[in-house]
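Look at the two complexes coming up: subunit A is in both, with subunit B in one and subunit C in the other.
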Partner chain A sequence: MLASELRLLFRRRRTWALFAALAAVPVLIGVAVRVSTGPPRGRGPAFLDQVAGNGLFLAVVGLLVSVPLFLPLTVAVVAGDSIAGEASQGTLRYLLTAPVPRAGLLLVKYAVIVVFCAAAVLVLAAAGVLVGLVLFGVQPAVLLSGDTVGLGESYARIALITAYVGVSLLGLGAIGLFLSTLSDVPVGVMAAIAVLAVAAQIAGSLPQLEWLHPWLFTEHWTGFVDLLRQPVLWDSFVDNALLQAGYVAVSGALAYGRFATKDVLS
Partner chain B sequence: MDRGPWKKWTPAVAAAATIAALAAGGSITASARTDLPDRTPQDVLEMVAAHELEGFSGRLESSVELGLPQLPGADVRDGEDEDDGSVDGRIAGLLSELTGTHEARLFADGHDRFRLQLLEGADQKDLVLNEGELWSYDSAENEAVHLTLPRHGAGEESPLARQHPGVAMPTPEQIAERLLEKAEAHSVVSVEEGTSDSGRDVYTLRLEPRTDQTLVDTVAVDVDAATGMPLGVEVRAVGQDEPAVSVAFTEFTPEVPDAGLFDFSPPAGATVEDVSLPDGMMRHGGPGHCGSGAHHHRGEVVGDGWDAVVVMPADAVPQDVADSAVLDELAVDVEDGRLLSTPLLNVLLTDDGRVLAGAVPQQRLLDVAASGTGEE
Partner chain C sequence: MTSPPPDADPVILTHRLNKRFGKRQAVHEVDLSVPRGAVFGFLGPNGSGKTTTIRMLLGLAAPTSGSISVLGQPMPQAAVRVLPHVGALVEGPAFYPYLSGRANLVRFDAADRTSNPRTRGRRVDAALERVGLSRAARLAVHAYSLGMKQRLGIANALAAERELLVLDEPTNGLDPQGTREVRHLVASLAGAGLTVFVSSHLLSEVEQVCTHAAVMSNGSLVAQGTLDELRGPAAGRVVVHTRDTEAAGRVLSRLGLSPVPDGVRTASAGAADGTGTVRAATGPRTPPPEEIVAALVASGVGVRGFGVEGTSLEERFVQLTGEGFDIA
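Moving on to the complex of A and B:
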């Protein structure tokens, strides 16, 4: 069942359109930096400046730019569609006639979302690495601590950052799955998920809501810069993973509560 | 069948309850009391004086709440602002660097190599000392500064070396005795057992001033029970709920870190500045601290305990400091001068140009000023 759901996901033209949009992010940044004389100094983290000198950083910058909006949007589309899409097309009851418990169906649907999250960040990172290689070439990378590391470790760090961003999206995916069980209108669910992601980030930037910050699923989304330090600061990776696991557990359980008690009429 | 639908919600309730329990449980275990052998203040001070570590790595968190109003210039402080050299810029820069919460990582090999990393959001500042070679690197500016330290006798090479008394120094027992003698003259000294922020068992040495002519409520020093290393300092001001100053390790590992950490060479493309240091400047901290300590020897100290007041005569105070707009904004007018008041420190700028400072109530500053100390 998982295999057929995955085939369905990757056969959809929409999925590939999302991947193409994500891959376009590093391409656009790379071309923009290439044709201009260089990014203005002093804006944002210093490693933005390094793109012009080192293609390796394009993947990191591409991920950094996509984390607040583009990646959540793509997750919102896939997660929002997972249950509500079937319901709106009237295919949900056929799925439920298969000898699979409802919890099993939810698990399969969530597994599809997880696979999509992984594929999305991989596409983004791979596009960044390739475009950076073509446009700028690669040199040994300079970390935030001023240490220079070789190519092998640079790629390892990019892989770690990619994994970090992928893990960051799991909580949102689970929330999306729950919201998707609430409604039969997939577009509404997609919008709700995207709005939630943005709202959480806005709340995270308000100092008045500081007590709430540790509980926001977006809290550690940009924390992957800690992986660019020497030695690696693992705290944010661990904190992020725990936070996302918490959201997966609660949202998943809520989704089960809702889905298992739902009257499927269509 | 009535209970049927509700059963399906059980996992949701259970998941939320588990997380709530974990969150609450975490804070309970953090304050759990530990079972350490009893120690007197003398024992703990001896531990500190005798401690010798073969290196460590740790994570520091410092927080300073001076209770000053937000400075208008402090937010936009950038490379350019600092470099204009004005007193206002320097004061604002220093205040924003000192106050608030800062995080750092510290690595030391126990001898003459250490590395300090200040974590500032997506930026980082590094300070690497490797056998007399000092590097500082600022990731935001991509700037490195290199400094070869003049060779000195033991005890001046690094902050770490300073904590290790040389062979000619008195024994730990003697140091502890002397310190305790001095401390007990002015404070009530006690020892508690506890757990530090880093999760290690510590003895907390607590000093409570005997006088009420001070703003200091308590000073507490956490001393690692296993190694004797001081792990944290906390200063509380009278009438404040939050500590005014707190510096503590949030993580501490008493193991020699990877030696490669101390090998620093500036990245390609960075601006590198070579600085040579005249002898005798070693005593004042790094660059940026110049000016704060330079005038003290010309001042005079009234009182020798917690109620001590530093008085600087008018000619020792640079005119541009007295005229600073930032000071004007922070200070309030009192009789005979202007008063800069914080929970822990009061500074009085008298109308005749003297500056008085101390961790004392403002009335004591006014009394000392009225007694005429520091006047020509």
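Moving on to the complex of A and C:
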């Protein structure tokens, strides 16, 4: 069943369109930096001024720029479609009478979302590294702490950042799965997930809501810069992972509670 | 020692099944019993609760109250154990439009963990062959016509070894040729020992292939049994053509022809030659037709024509469900 789901995901043109859109982000940034003289230090997205000097940073900037909106949007499309899409197509009733146990279907659908999150950040990071390599070449990177690390170490840091961003999306994916069990209209669910991601970030930027901040799934989304220190500061990685795990557990329970007894009338 | 009655082991058995959507009672106190090996026609006008009942039988919806057993196991609790043996077509076919017909069937078959992956390809191809879709098997489903999708849906129900087929309106969207093929298919499946549960709002379909039927109206089961039982004891009526309709009516009621509401009525009273028609439903104690004619003649009724009509299932259906097209 999982194999069949994954084949379905990677056979759809939509999936590849999403990947292409993500890959376009570092390409655009790279070309823009290349043709201009480069922004003055300290303006534009963090690390942007470093890209011209070291292509590796293009991957970091690409991820940083995509985290607030592009990545959540793509996750919203896949997660929102997971159950609601099957319901609106009518295939949900045929899966359930095949039969797939309902809990099993949720698990498989979530596994697909996880695979998609991983693939999406990998595409983004790989495109960043490749474009950076071609346009700017790579040097040993200078970290935030001022230390210089070798090329191998630099790639490892980028892999870590990629993993961090991937983990960041898991909570949103689980929320999306839950929302998807509520409706038969996938587009509505996709919009709701995207809105939720943006709203959480806005709430996270309001100092008046500080009490709420530790509970927002977006709280640590840009915290991966800690992975560019020497020694690596693991705190935000761990905090983020725990927070996301909490969201996965709660949303998963809600999704199961809703879906296990839901009348499938579509 | 008494031998068990023929339906001691019903394939589908429901007891006081109810389903309520908010204020609307979609299914009301339904007691269905489908004997093994039957071709069971599930009849009713649109909106009478057929599909809702089928959804409950398949564990897609939970009953508000009442119990369901399918293949001897409680539903929806035993859905995962029962459903591999049940092939279903529910409320029209549904597929992934961007996959080929064959890939769709493979996907649904793979979704069932008990199905054998080694025989999957062979079983799917055989099912496609059976519904005449072999040549379109590799075509994406969005290129299929409604009739082809319907066939693919039936193929999906046939892709594995089944004990029970539940087909909800299987001939929707099929041309007359396709309808006939489906009818033959159902007959041949029943011949192979399967139990087939077919819902339909088209009686002619049911009348031709079914051994048993049940009739739903406004969410309630209003009749169920073998086709003969359903046609009922009031299995016909007599038709008298005469100028003297009033006298004929008196004679018929004297003979005990059951006075069902508007069973005796005059029609076309103003026909050109003054001939009217009297109809009367016959009952179990109706005298044989020749005696009725003799009595009419003896009473001086000028009989111009006399006939006996059997009740078709259709008339029975209309009697049971009302003629209106109001959707509850």
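FYI, the second predicted complex is superposed on the first by the 262 of 266 C-alpha atoms of A that agree within 3 Å, B and C clash if a C-alpha of one lies under 4 Å from a C-alpha of the other, contacts with A are read in each partner's own complex, and residues count from 1 in each chain.
One rule holds in what follows: a contact is a pair of C-beta atoms (placed from the backbone, for glycine too) under 8 Å apart; a residue touches a chain by one contact, two chains touch by 3 or more.
The structure presented is a predicted model; accordingly, all values stated were derived computationally and were not measured.
Steric overlap between subunit B and subunit C is absent once the structures are superposed on subunit A; the two fit side by side.
Counted by residues of subunit A touched, the larger count belongs to B, out of subunit B and subunit C.
Shared-chain residue A:G246: touches subunit B; no touch with subunit C. In the superposition on chain A, contact is made by A:L233 with subunit B only, not with subunit C. After overlaying the two complexes on the shared chain, residue contacts for A:L8 are found with subunit C alone; subunit B is out of touch. In the superposed model, A:T148 makes contact with subunit B only, not with subunit C. Of the two partner chains placed by superposition, only subunit B is touched by A:G257; subunit C is not.
Of note, the Cα-centre angle with subunit A at its vertex and subunit B and subunit C at its ends comes out at 140 degrees, rounded to the nearest 10. In the superposition on chain A, A:V225 contacts subunit B only, with no contact to subunit C. The least CA distance from subunit B to subunit C in the superposed model is 8 Å. The residues of subunit A shared by its contacts with subunit B and with subunit C are 261. The touching residues of subunit B, when paired with subunit A in their complex, are 5, 8-16, 18-19, 78-79, 105, 117, 119, 121-124, 126, 135, 137, 139-142, 144, 257-258, 261, 264-270.
The part of subunit A that touches subunit C in the complex is made up of residues 1, 3-4, 8, 11-13, 89-91, 93-101, 104, 261, 263-265. For subunit A in complex with subunit B, the touching residues are 42, 44-47, 49, 53, 139, 142, 144-148, 222, 225, 229-231, 233, 246, 249-250, 252-254, 256-257, 260-261.
The touching residues of subunit C, counted against subunit A in their complex, run 55, 58-62, 79-80, 83-84, 86, 88, 90-99, 106-113, 156.
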